[in-house]
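Please find the structures below.
Across the two complexes that follow, chain A remains constant while its partner is chain B and subsequently chain C.
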Partner chain A sequence: MSVQTLPSKASDARPSRLRTTPTDANGQDARRRQRRREAVTGILFVLPTLVIFGVFKFLPVLGAGAMSLTQYRLNGDVTFLGTDNYTRLFDDPHFWESLGATGAYVVLFVPLIIVVSLAGAVLLNKLVRFSGTFRAVLFVPYLSSFVMAGIVWSWIFDLDGPLNTALGGLGLGPVPFLSGDQWLVLGSLALVSVWKGFGYSMLVFLAGLKAQPAEVHEAARIDGASNWQAFRHVTLPLLKPVLFFVLVIETIVGFQVFDTIYVMTGGGPNRASYSLIYFLYDQGFKFLDFGYAAAAGMVLFAVVLILSLIQRRFVEGKDAQ
Partner chain B sequence: MTTTLPSTTLGKERRHSGRRRRIGPTLALTVISLFTVAPLLAVVVLALSPEDAPTLPHAIPGSLTLDNITRIFDVGEFPLWLWNSFVYSAVSVVVILLTASMAAYALVRKRFPGRNALLWSIVATLMVPMQATLIPTFILVSRMEGVNTLWGLTLPTLANAQAVFLIRQFVRDLPDEIFDAARIDGAGEWRTFVQILLPLIRPILATLAIFVFLWHWNDLLWPLVVGQTDEARTLTVGLATLNTETVSTAGIMSAALVSFIPCLVIFMVLQRHIVAGIAAGGIKG
Partner chain C sequence: MSSTPLRLMAMTAAAVLTATATACSSSSGDGKSEVTVWMYPVIKDEVASKKFWEQAESGFEKSHPDIDLKIELQTFDKRDAQISAALAAGSGPDIALITPDQAATYRSVEGLLPVDEAVDADRKSFYPETLKAATFDDKLYGAPLFQNVNATAYNTKIFADAGLGLPATWGDVLAAAPVLAKKGIAVMDYAGSPEQTLNLSYYPLLWQAGGTVFTKDGKDVAFDSPAGVSALQFLVDLKKAGGLPADAATAGPAVEGAPIAEGKVAMRAVTSLPELNQMRAALGEDDVRLGLPLRSTVRATYGNPGLLALTSINKDHNRQAAYDVLAYLTSPPMQTSLNKAAGNFPTRTDVKAPGSGPDFKALNDSLQYANPGEPSPVARQVMAALAPYIQAALGGDMSAEDALKKAANEARDLLSRA
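And then the complex of A and B:
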């Protein structure tokens, strides 16, 4: 049967093929040439990015994992250690201290920045006039560097600074904001990061609020809901995806805290503010223990990866395209 | 803003209570504004306070002077730090925007082998924090003899996955007809890219330009690690080191003020693009 159909098919095809051979072959050829030209153009356009990413992104990403398994010296001597850096890390009290301090910082920083930025956004959303002016004024600290924020707030928190002067006027203090116990120091550092960073999350929240349908709020008001009830039972549930986005982003930002600590406390007092990145920085660039520092970097990577994957799963339906 | 409510008796009532309710938010926002602005005002006042005159926090200076600002340019390698920061930020903005736009054009409009693999590799690096690759990147640059050089500082930061990703999103949403028309008109690929695509994606380019500038200008960890001599520092690193040395408060605040002004100017000029960029939800702080 197949033997029969094959010739018949061939004979069916023959006339048409005869008829179209010149143009079809040309067309196919032309199409193939065009496709090749398209591929060449595409590769040429993508080439600068490919080279830059290949050398300075993909290579270091692979290198980070590889280096964490070695002892690496600046002169290029490499000794393979297997998982020794990781076992050493998990036996290192300084590592656990840094993880503890970072965790405590995140616990203070994340709720604070969410409350402040959400409050700012809700208030801005209520305004009819001057909303643009207030929005700009509230956003301005975001333009500064963490270094500048650290310098200004060091002055504010100083034992002779304006805050303690004001507290002194009330017969209080002086409060050792940057040299007291761990929670006080981490709280002070968190406040600085909130000051510098909340403008961004505030605008994210504001965009989320503006996207909410007015009818729902209208309905809540007609039903006699109070401001707080409307916020708690209408605004907040509708804002949940945005809230989750901000929560993840700010948690990641919190785990990466370094700049303000470098400027304000140097990790002290007594390692009270010795964060994970400070640990990595010290191991890498003070003790030149690169493999060990790379292993600490992998811990941060694991934390960020888990948070990113949770977020990706959560907003999959919205982002996957 | 988009909907006008039907004017009913209920609407009238609501508008009344609405006006009253707005006094509360305005007051609350004024208080939060004091929290955001007061530290910045303190920087300005301290930077402009005459030497040895009583100033904050105990007194408000009777007169202001620019002496501290001019004097800070003689401290350390301050003018060089300013220059380094400028090159680091400006070159990054130009190169990242150009290469990322080119890549986005190819990734959306051209079929070539490995296209999807490349796209997803780039997107995957969004999940790798910069600090996790700090050590290998430093080793790489030091092997290339790039430590304490401007190119060693700048080159590794030109791989910006967010820029590629965001521009790609933008290009993908452009209608095919635009490019078909360009092809029919006989425009070459480069001309199509420069004269058709770039003007169309200007909004996202403006947004990215601001953020890339801010990220680089305010960056600490990478410049700190790769620029170890006084001459190789950026302004942000220089500022961080000034703080620990014996420079007067007025001097430090002057340096901080100088570092802040370019960011403020850019913000004032391009403010709406920042808001639009964040509202689109693409840019991570």
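And then the complex of A and C:
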């Protein structure tokens, strides 16, 4: 029978791997050097991105924040106003109108683009042949310019355009897609943005679908789940992190809407599609009120930042699970 | 992912970050003074425009070997945004082509410098009205390069087929509206897009009604006067009678592809001969005729001088070079050749009109009724406040009187802050 003896000192209790010999010390030094080299290499890899981010994103945001507290003139004269621009902004009915129009647009745009891009991804995932071709074709609108898309869709939505001609054939219309009430106009604009932008989210969804383990779907099939049941109870829950990522990204894109509106409605009719970015654009570049525009930009930045933090928190939560 | 707000913020912030640090590149490496001009498509044909300005550039440099002139061709699209962002960032042009109301706005934010010295030698040769349109606080903020004017273009076939004469007054237009509407034709075009300057849409009607946008001292707005209401009511009545295109409240000013070019609208104001030629190309040479501006209480139209303005980018050391460029570009030989290429009118008494014939006669006769726009530091803001309410009235969402009253309240708020 063997007798186990307890270590006499606390230091003896350390695992043997922590005891160092000259050879171990050399090895540790080598490992430290290796880690340092890897860290330096890593920093060198991310440095260009960090510099670009710092110069083109972080510094401008700081600059805009500073500018929002001033009245800035074209000859470079700057007058410090404190929070006056923000006070004026929150008293400005057009700011709230534009925030309301942007919110309404987001409510229409986000669900629509998620449904369309998810449907596209599911269909592409099912395809066995020509999936690459279809993927490329469906991604093409994303690569086209907003101006081009706006011009083409303005023609399609025109009162004498093909859509109203088709509706006329069915005894309907004409529908004033771009000159009717606010929900109709915003819905029409959201439709164009979905057509233009769904390719990006579709690819994100597709990547999420491809990453799902095949055996889970196989188990669902063996258990007799229908396609809808498998989608509802297996595919969708597994896709949740991706779904929330797309939700937040597209919400941010929705808040940033400008190009489509600029080309198609000019913010009208009667400010029905006057988005927050349009408000910012008018104040800054039409009326040369740079400080005020910067204040509007900072409010939008805060909205986007809060949404991004929510996304980060959610994704981190999922990772922890 | 699009990053529009960050781009816009970057542009505005870049202005702060660079404006103080930027020394304008106004002197080239070989010791020459460098002057940059931003020119716009005054000559509509892109190829002809490029060739013309290249020749202008080389012609100037030949006579001024110590100055490096760069004429950069821009587009009208987002002109304000482009100029203001560039000036704020300290990287814009020394000279830019702008309108009188833009001059008022840019001047109010210290974006322009006076150009009196550039035209002093020839001041008496310019039509006084063109100089007046660019004068603020007794200083000249733009050298008048050309004069354009709006006249009325008619599709004569439509009126002849309907047995109607060519409308010359609001009454004629209102009378023709229901007759043509029965044939699916709108009597008059109207571009109500908020991106369209009201100088080309509502303001000429306001002036025809005897009204003004601002009071004489410029301290208040006056478009909510009975004259203003009657001008908007005229549009509303026309819309109700089928006298405007269905999308008039949101339409842009284009001729090509628009109802006017498809024979679905009978008349419109045209801003230039190339625009008239676009109508002729679409409708036939003989079926389009140019006439005087419409009349209600008075006959009036929009016609402004194109101004070459000196921006705050220009510094003392190349100021004289910029003055030389301004004097050269507005000189009689340059105006003669530019107006010939662009179909505009001269701003000088010592330069002849670029042509003859009925079109030139109509434009020339219209010049006496031309209003160059009402300059105010908040002219553009007031337009932006007013345009949506005009849309609302045209859409039947509010009466003409209510629309103008609400717009005037907003405009007064803008003026109080100016």
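The definition used in the following text is that the second predicted complex is superposed on the first by the 257 of 321 C-alpha atoms of A that agree within 3 Å, B and C clash if a C-alpha of one lies under 4 Å from a C-alpha of the other, contacts with A are read in each partner's own complex, and residues count from 1 in each chain.
Just so we're on the same page, a contact is a pair of C-beta atoms (placed from the backbone, for glycine too) under 8 Å apart; a residue touches a chain by one contact, two chains touch by 3 or more.
These numbers were taken from a predicted model, which means no experiment stands behind them.
Q: Specify the outcome, clash or fit, for chain B and chain C once both structures are aligned onto chain A.
A: After superposition on chain A, which the two structures share, chain B runs into chain C.
Q: Considering only the touch criterion stated at the top, classify A:179 as touching first (chain B), second (chain C), both, or neither.
A: second
Q: On the A-aligned overlay, A:300 touches which partner chain: chain B = first, chain C = second, or both, or neither?
A: Both chain B and chain C are touched by A:300.
Q: So, A:119: does it touch chain B (first), chain C (second), both, or neither?
A: Touch partner of A:119: chain B, not chain C.
Q: Of the two partner chains, chain B (first) and chain C (second), which one does A:236 touch, if any: first, second, both, or neither?
A: Neither partner.
Q: Taking the superposition as given, does A:30 touch the first partner, chain B, the second, chain C, both, or neither?
A: Touch partners of A:30: none, neither chain B nor chain C.
Q: Mind working out whether A:67 is in touch with chain B, chain C, both or neither, as first, second, both or neither?
A: both
Q: Looking at the overlay, does A:219 come into contact with chain B only (first), chain C only (second), both, or neither?
A: In the superposition, A:219 contacts neither chain B nor chain C.
Q: After superposing on the shared chain, does chain C or chain B touch more chain A residues?
A: Higher number of touched chain A residues: B.
Q: Could you name the one stretch of chain B listed in 9-17, 207-215 or 225-233 that collides with chain C in the superposition?
A: Clashes with chain C appear only in stretch 225-233.
Q: So which positions on chain A get touched by both chain B and chain C?
A: In chain A, residues 56-57, 59-61, 63-64, 66-67, 72, 74, 76, 160, 200, 249, 252-253, 256, 258-259, 262, 277, 280-281, 284-285, 290, 293-294, 297, 300-301, 304 are touched by chain B and also by chain C.
Q: Inside the complex, what are the residues of chain A that reach chain B?
A: It comes out as residues 35, 38-46, 48-50, 52-53, 55-61, 63-64, 66-67, 72, 74, 76, 116, 119-120, 123-124, 126-128, 130, 134-156, 160-162, 165-166, 195, 197, 199-201, 203-204, 206-207, 210, 214, 218, 221-222, 227, 245, 249, 252-253, 256, 258-259, 262-263, 277, 280-281, 284-285, 290, 293-294, 297-298, 300-301, 304-305, 308-309.
Q: Could you please specify the touching residues of chain B with respect to chain A in the complex?
A: 1-3, 5, 10, 14, 21-22, 25-26, 28-29, 32-33, 35-37, 39-40, 42-43, 46, 56-58, 99-100, 102-103, 105-107, 109-113, 115, 118, 121-122, 125-129, 131-140, 142-143, 155-159, 161, 164, 189, 193, 214, 217-221, 224-225, 236, 239-240, 243, 249, 252-253, 256, 259-260, 263-264, 267, 271, 274-275, 278-281, 284-285
Q: Name, in rising order, each residue of chain A that touches chain C in their complex.
A: 56-57, 59-64, 66-67, 72-78, 158-160, 174, 176, 178-179, 200, 249, 252-253, 255-256, 258-259, 262, 265-271, 274, 277, 280-282, 284-288, 290, 293-294, 297, 300-301, 304
Q: Report the residues of chain C in contact with chain A in the complex, numbered from low to high.
A: 1-6, 8-17, 19-20, 78, 80-81, 84-85, 87-88, 90, 105-106, 108-111, 192-196, 246-247, 249-250, 259, 312, 378, 380-381, 384, 387-389, 391-392, 395, 397
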